[in-house]
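Order of writing sets the chain letters: A, B, C and D. Residues in each chain are counted from 1.
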Amino acid sequence: MDRSLILGLLIFLTLLAMPFALPLIGQGYLTGLIIKAMLLAIAAISLDLLIGHGGLVSLGHAAFVALGAYAAAIALQSGIENILVLLLITLALTGFVALITGSLALRTTGVYFLMITLAFGQMAYFTLTSLAAYGGDDGLTLWSLATLFGSNVVQKGNGLYFIVLGTLLASWWFVNRMSQSRFGRVLRAARDNPERTEVMGYSVTRYRLVAYVIAAMIAGVSGLLVMQHAEFVSPALAAWQRSGDLIVVVVLGGLATRNGAILGAFFLVIVEELLGSFIHEWRLIYGPLLVFMVLFAKGGLSDLLTSKRRGNQVA
Amino acid sequence: MSTTLLLILCLNGLQYGMLLFLISAGLTLVFGVMGFINLAHGVQYMVGAYLLFAFTGLTGNFMLSVLLSLLCALAFGLLLEFFVFRHLYTRSHLDQVLATFGIIIFLNELAKVVFGPTTLSIALPEFLAGSIQLTEQLKYPIYRLVTIGVGLLVAIGLFITVSYTRIGMLIRAGATTPEMVSALGVNIQRLFMIVFGVGAMLAGFAGVIAAPIYAVEPGMGDNMLIVAFVVIIIGGIGSVGGAFIAALLVGLIDTLGRSLATEILSFVFNPSFANQIGPALASMLIYVLMAAILIFRPRGLLPAKGVA
Amino acid sequence: MSTLEILHLNKKFGAINVSNDICISIADNECHAVIGPNGAGKTTLIHQISGMLKPDSGAIKLSGQDITNMGVPQRVQAGLGRTFQITSVLPSFSVLENLAIAAQSKSGSSMRFFANAARESTLNSAASNALERVGLEDRADVIAAELSHGERRLLELGIALAGKPQFLLLDEPMAGLGRVESAALVSLLLELRRSMPMLLVEHDMNAIFKLADVVSVLVDGKIVVSGSPEAVRADPAARAAYLGEGSQ
Amino acid sequence: MQQLIKTTIASALFATFISSAALAEDLKIGMVVTLSGPPAALGQQIVDGFQLALEEKGGMLGGQKVELIIEDDELKPDVALLKATSLVEKNEVDFVVGTVFSNMLQAIFKPVVQSKTFLISPNAGPSTFAGSNCNPFFFVTSYQNNQNAEVSGMVANAEGFKNVFALVPNYQAGRDNVDGFKQTFEGQLTDEVFTPLGHQDFSAELARMSTSDADAVFAFMPGGMGVRLVNQFANAGLSENMKFMSVFTTDETTLPGQKDAAVGFLAAGSWAPDLPVDANLAFVKAFEAKYGYVPGSYAMQAYDTASLIDSAVSKVDDLSDKDAVRAALKAADFESLRGDFAFNNNHYPVQDFHMLNVVKRDDGKYHTSFVRTLAEDYADSFHEQCKM
């Protein structure tokens, strides 16, 4: 069995054991931190589908997290409580928006794609700030949360933890599975050499658009869970800095690697928490740390851990 | 809507456009010639502003402080180039983004630690502080007019340098066919360093100019960076002329939009609705503009040919 | 019946006529070579056939089907295979994967997200088949970026073949090859020629005289002469226009 | 600046020292404030004010040694939420003190009060939790957000302004402030201009002001926006023929950046550094001596919050008796720096509001100065909807 698969399984076993192990050592509150990292990881996995596998660097991906969160929150406010129905609404909205924006954005490539996705992200951000009925800039506190057919197991504590873990596992499994599939092959071929891929008979834009829509929908699901976890949504979810954070997570973890996005997300959350507990000005350390990671740890965390040589495939 | 107000808005738009141009000129050259995405360019803008604040505090002389700030901004840019950026030219764009992002985080925090988190301001010297009467109704601050003038001078200077000098020729060649420049036997390392240093200095200069108008605070470069990227994308990467046109376009549209969007909307919708969506729409305008331009001209308005 | 038919193709760039009323008809199992000096409009012609450029007027038909308004991938799906003048393969994939991905486009939908494509035997056997035809069997698992230039030219041809084309468009296949490699490729193409019609753009006159049934000489966007290699060689107009430039 | 580093290091050391020596009966207080980005100055004032009170009382409140845990919400709702949750679940604090901004309060409100931990806001006082959503576990020691604007309306009436030009950022607090102003102002509002948050260049708005017939401006432009607005207002020479009144625009956090440009500008509030209350004058003196800058209302409110907790804890034997703690807090049995102070039924303050103006002190520092009292025992207008 290959090393990265073992590492992946180890990660998930550890995550599975956490809610039982942590209270034993009196650190039960840490599950909140882990949920935060897992939510970040889900969004990062979806972005890696674009950046790592598709070679499409989006600087507007956080907008889909925010859209998912707002779609669910607004539906919740209007009385729809079943989490499965909310999931469908979230998927439909993020998928639809991604289809429209994606078909426009994919007319460009490279850094132009990065900028046009930034533009769409900013449009989403400012649209959310203008929703006065749903809190505008201040955001919206949710007084009731989603239920599973009336049961509140999906609201708090371990119930929510396992829902998030399950979603993470599903996205991880799906994206890794997909990268080996026919679709994933074409997507990576298009990243390598779009012209050749077209001349092999594939309409590159179509495959990229499908990837864009899938990535947006996964990000939307993470948004739904962010809402359920934070009991609060705000336009800040769509800020371009959040999209930047996601890129950092993906690059830091290692592009198009099996566990990169998860490792990157946990690295970011742990570093922030650990450094932050030592010194309030932890960014003075974090900034240079990023520079050193780039200069000396090429290929991301995932390579460090599985020590497999792999070039950086995205220019 | 009086003509006076419209005129003031246009002057403001021009002045904002000039600032954007000073930042974008360096960004577009560094990107075009070296293929290097430098997110830390916005931080140079902040560094310029803080340098001016520190020097005016030390010397008490505004013009001298401007000069010192420019020199230090240049030196700082060269220092960053030498220690960090030089090692990133051959790396993937994403690595460059990550490393320069780290530099932003560090410098923003450093500014906060050294100068405190509050918004600082710099008083203008007497001879720049007043307003002049442009028309019967219209008074306009001298300093803003000076800003527009200085921006124009820099633009002309850059244009002449890029169009008619040897180094300008190399820069243009570098933006279109980088392989050719190194094939010519030019010391590419030094060319990069010059372009980088000048770019950093111009961004610092923008910060110096902006400091007395907009006030100085940590992270002030972050949003400017994003807008500067919008400018160079609209103008076409690597093209100084494109950056100039796009900077003025973005400056004018943003300024006019922010002031007029609500009023224009209230012709069509009821005022409270217009008040609600007006500002959001105004903030969005430059992004809508960029997206529209990219959809119809995926390489910007005046692309330097051959740049990926 | 002809496989590829080019009817009155016109294309202008500004005032320059890069394709001027070009008509070419290629019958089953025929090899048609286009030669001409640099700047004669060969590349533009290839782009118009493959779909990267749209002609101003005229039509292109493949096996009777009008493909003039189709995009690049649709033309490939319709049976057009091509190679590039500058080698174009998928650098981070293995040789076998390159061929399998090419085969995949003609073997059912690629919008499949779960099954592991590397385990699909139809794709793998199609890939192996193409691998044998271009003689790269012992390089199957090598990453394409690590192949030698000559091997990559072969892989390029293999990719075109793996897509099971009805027609091959070869853009200077000999470019950059040494004498020995060229000879090997010519004999490979000679064998292919028996089962597949092709349009060949090439500078290597020896190769052309070995391979082509018909040669057309393109000058300033216009076909000045068209006929058997021997006839073209004898034609004074062709000599004046082209052979004067040297027959490298 | 060095002061800030020293304070932070000191407080960090202080916190680690105390936590390592923590005993079972220690009083645990968690603080969630904004300490990153430009608004960090506000959060820092709260930390400083609270710690000054703590220090004066020998590190004890209500006779119990205090373990103070300070968290930075980074002005991000999800960060605020995480920090608040960890304070409640990990540190099991007795009180949460926070936040600076209303939207951060929105984010942490639910998890804190649902865990039956008392949440005391030293600054944010949104209408959201003043009316029907008031909560037995939530107290505010500052004001209700709309009140300052309402008092500004009174300032305008008292000064005899007939036509006022209103300028606020386009977000909830901005709209609340205009509504509050309109509620009490008897003259005519000539313009209501909404700018985007973080607005840089006010010259268009200034041009509009100069061509309007208004005799005064009412502004709500907190933080850096206020610094820019006031400086540009003065540079455009508008101060000569127009009065400027505002809330949270010319306060002790922004005055170091506005300096002479703001002198003479009017403001409304429940406190000023020279408010003639003995305890207050002593507080300002001690604060300046320790931290080297003039305290603003944020520091004052944090100081009052510490005094409030002090008074409540000393009255209660068992902190787990929530009803007793609530009653003790509600009594507000402490000496407020503002003089009279009481809690309404919705746990928001009932207090006096004053007209203030900006002055330059002899030592060259700037602060807001008490002019006269305009509203005595002023309650917010939402408390009647609170059923508690």
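Simple rule for what comes next: contacts are C-beta pairs under 8 Å (C-beta built on N, C-alpha and C of every residue); 3 or more make two chains touch, one makes a residue touch a chain.
Keep in mind that this is a model prediction, so the values were computed, not measured.
Across A-B and A-C, it is A-B that has more C-beta pairs touching. With respect to chain C, maximal separation of chain centres occurs for D (centres as means of Cα atoms). Each chain gets one centre point, the mean of its Cα atoms, and the points for chain A and chain B are 31 Å apart. Separating the CA-averaged centres of chain A and chain C is a span of 43 Å. Each chain gets a centre from the mean of its Cα atoms; for chain C and chain D, those two points are 75 Å apart.
For the pair chain B and chain D, the distance between mean C-alpha positions equals 36 Å. Residue positions of chain D with contacts to 2 or more other chains are 35, 170. Looking at chain A, residues 129, 132, 281 sit in touch with two or more other chains.
Taken residue by residue, chain B touches two or more other chains at 112-113, 279-280, 283, whereas all remaining positions touch fewer.
Touching chain pairs in this entry, ordered by label, are A-B, A-C, A-D, B-D. Per the touch definition, chain A reaches chain B in the complex via residues 51, 57, 104, 107-112, 115-116, 118-120, 122-123, 126-127, 129-130, 132, 240-241, 244, 247-248, 251-252, 255, 281, 283-284, 286-291, 293-295, 298, 312, 314-315. Across the complex, chain A is touched by residues 8, 12, 35, 72, 76-78, 81-82, 85-86, 89-90, 102-103, 106-107, 109-111, 128, 133, 170-173, 175, 197 of chain D.
If you check the complex, the residues on chain D that touch chain B are 1, 4-5, 35-41, 44, 170, 192, 194-196, 198-201, 203-205, 207-208, 210-211, 223-224, 227-228, 231-232, 235-237, 253-254, 256-259. Here chain B touches chain D in the complex through residues 2, 4-5, 8-9, 12, 16, 112-121, 123-124, 129-131, 137, 139, 141, 143-144, 213-215, 217-219, 223, 255, 258-259, 262, 275, 278-280, 282-283, going by the rule given at the top. Of all the residues in chain A, the ones that touch chain D in their complex are 27-30, 32-33, 36, 129, 132, 135-141, 143, 226, 230-232, 234, 236-237, 276, 279-281.
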